[in-house]
């Protein structure tokens, strides 16, 4: 089964970084509804540093690329999202010790990332966080693990999007939105939106968010 | 939506280092930047001291940035506006102030801060530095105690932590003392107008012209209840009730009380509020032994305030009343 | 014109007495109202002391209302918002704090204050109490020196007057010391947003969204020049130049400097401004020996700040650094 | 030559007080243009106290009535206007030691008041203050000092109004407007406006100010 090579993976990760930077204002607007309005600021700061690092740091494995993104985000974003996305990418890097990214390899990596984020932040699925976009993406990738990764990523599109939409009806129990309680309903989670955006850009889809 | 708030700033990307530089200059030699990261520290940390590190997102000045000095923190670490500092900042500051007795981390209980400080603590432990953490979690607007945010009461926690670490012989004891104190600390906030994020110029929320929000967080993240604007007396009664009933504070208790200005509210208003809080507490048999009124933890130009009560015993009162010096707060013996 | 500013108040007609009541409660026994008038005084004025009375219109809290206590004023007299106190208030407070050595009046140089305090001084003299007056007049925005308004520099004048009167043996000497100090005191203000009058809810001026006003008075009375909004560095340079050139402060001078928050401006912004003021002063060979940053004399929720420089000699530095205690400002030895 | 008796004078002074209270908002608006926006607040406070005091305090001379007004304003208004109008009425009271107010008696009283205000505040005519409405009023009364006071007051109407209008072109050199310098031109002085209002109401004319 074929997969993405290092250069291809790097290009797609770079596109994902750029999609986040471009969505800065829209992500802030989403965070204003249920948080403190800065989600886009921190994400853009971290992922623009990640794009720069990808361009300069050498990589022997696809995992090195994920690690480069994770370290840049962890070191530059700050806030909850810096720790969450930094942890996600750094943990995802661990199993990716080859020079090819396959569908099941990505699913395993995201699974590792998901566990690390849950451990780090203490949150569970269903609490209106980025976890609610990651978990369904992994599940979708698993159902098509035989498929080529470029096809599989597209198949997973619906799952990530559905995951984001599902956060609309959830009540926040962590992060800055938690005091809103019932009033947090009706708004999607900004971190979940960011993850869906990263997936879309990585899949080579149009990855823009309406402000 | 009105015009963007005018801020007297330069490049917003360089905002935090400029704040640190301004503060170091204002300290006249008692503070210095931690090289390479957005943090600052005392120049005169005694050997053998249990070190105290505080911090969080910027934009709440003087908290946490400016409460560094003798009798207060040994370092503060500064995230970007309303964003927890990254682990590398925290780690560098931790290493810079460690004097062999371990480092106490004191910061507000937010997902972002918890994760970033925890990562830094693990990295520090890996380098052989013992870290203990006490999270400020005083906001009664959040129902579940373990989820509570750290707001105005951070001032009493930082003040006491400074006094405790000044004489503490062990990190464990310092952390235990501060945690015991925290059991008697409660705060509630209210906003009548929004502050704005310097990076975007946008207000962090929108309140109708005739409403206020009780339980508003220190970043403008939503509170518990929107209400029609009310007079100072009604509002003060409501807020006193929320704080007193939560612990609950009881007849015979002695307390320290803080009316924290969130930004654009006047001292005039807070003094008017103070009247009613005092008469309500007196009616409940609660004695106020100390009053602090002013901007201690702000949220940019947010209009509103928070009311904090700290239950006292002799030890806690001693820590709060102990002398200290910093660019933002000083008191004599 | 936007919505009226929300204020956390009760009946605006009772505003000043409620502020006094709140402040007396916050003082925990060290202050008490002067019976029958809008004024408050220390409870522990030593016998034989040269008494110090400060005051002016309310709405600028903590100035002047809250700067009463050991090492500061013996009484403050409170006019209505932005309005000089009436002579009867001043006279009653003067009589209440007189301890046989005369009373020093310190207040801002405004037509309304001058007239009302002068009338009270004449009435006090008629009752056998000697009064001396020193008017704060530090605002470089006013060209004629004798017309200058009293703005942020009032803090250093009040602080020093408190220290001077604490040990002064004669009223004349106290007044002379303070006047000599005043020769080296200069301030300039800037506003980027308006405060509002609680009685009317109306902002006291209107500034276009992209403008600021240099020389704005502490009541929102117009300044000297409207300019396009500028970055912190350019603004700080401009203001430093206005203050330095006026005296002028010269290479070799030592100064105390105050960045006074007029209301809604953040400490974050003032720290950023501090960087540039310091580098400009350093370039001019002027040494800053002490820095004060915070809300000392406000104008409701006005956004903006003032920059004060006080030229120091050993005596003046000693007065400013002397210990004091009050609900608004305290410092140790 | 006839004049106003004590009851008639009291009624007219009361009308003057009421006119000031009614003009509160308009006087604040005038003060916002060149001062700190509170002129109406202080004036209304002082003159409503004056109206109350007139209703209760006994008066043996017309001077007693002026003194009652002056004491109330001095004790309740605060600000520059409290001292200015308090001083004006208290000083004006001194020569009015009879039970009748005549044209020349009023001119003398206002002259006494004018001098006292100048002494108290250190300002001169031409500096955009209340003085610029008082001085022309006195001059106008002097030119018709043979006339009955009710007629004379009407004759003086033009002078007071012209005095107020003239402040429009003056540069403020005292009070809160002084920093405005040249920019104070184009606005009338609020204190002068108040004096003209008092004169109009005392003369029995319509005494309202457009906000």
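We just call them A, B, C and D in the order they show up, numbering each chain from 1.
Operating definition for what follows: a residue touches a chain if its C-beta (ideal position, glycine included) is under 8 Å from a C-beta of that chain, and two chains touch if they have at least 3 such contacts.
What you are looking at is a predicted structure, and each value in this text was computed from that prediction instead of being measured.
Participant: Chain B to chain D: how many Å between their CA centres?
Facilitator: Computed value for the inter-centroid distance: 54 Å.
Participant: Centroid from C-alpha atoms only, then distance chain A to chain B, rounded to Å. What do you get?
Facilitator: Taking the mean C-alpha position of each chain, the two centres sit 32 Å apart.
Participant: Please work out the Cα centroid separation of chain A and chain D, and write it as a whole number of Å.
Facilitator: Averaging C-alpha atoms per chain gives centres 74 Å apart.
Participant: By the touch rule stated above, which residues of chain D touch at least two different other chains?
Facilitator: In chain D, no residue touches at least two other chains, as defined above.
Participant: Could you pull out the residues of chain B that touch at least 2 other chains?
Facilitator: None at all.
Participant: Think of each chain as a node with edges to the chains it touches; is that a line, ring, star, complete or other?
Facilitator: Chain contacts: open path, no cycle.
Participant: For each chain, which other chains does it touch, given as pairs?
Facilitator: Listed by label, chains in contact pair as A-B, B-C, C-D.
Participant: Looking at the complex, which residues from chain B come into contact with chain A?
Facilitator: 57, 79-88, 110-112, 114-116, 118-119, 139, 141-143, 147, 149, 197, 199-200, 202, 204-205, 215, 217, 219-224
Participant: Applying the document's contact rule, which stretches of chain B touch chain C when the two form their complex?
Facilitator: Those residues of chain B that touch chain C are 2-10, 15, 18-19, 21-23, 25-26, 28, 58-59, 61-62, 66, 192-193, 198, 209, 212, 229, 231-233, 235, 263-275, 278, 288-291, 293-295, 298, 300-301, 303, 305, 323, 325, 327-328, 330-333.
Participant: If we count contacts the way the header does, which residues on chain D are in touch with chain C in the complex?
Facilitator: 25, 28, 32, 34-38, 41-42, 45, 74-84, 87, 120-123, 173-181, 183-184
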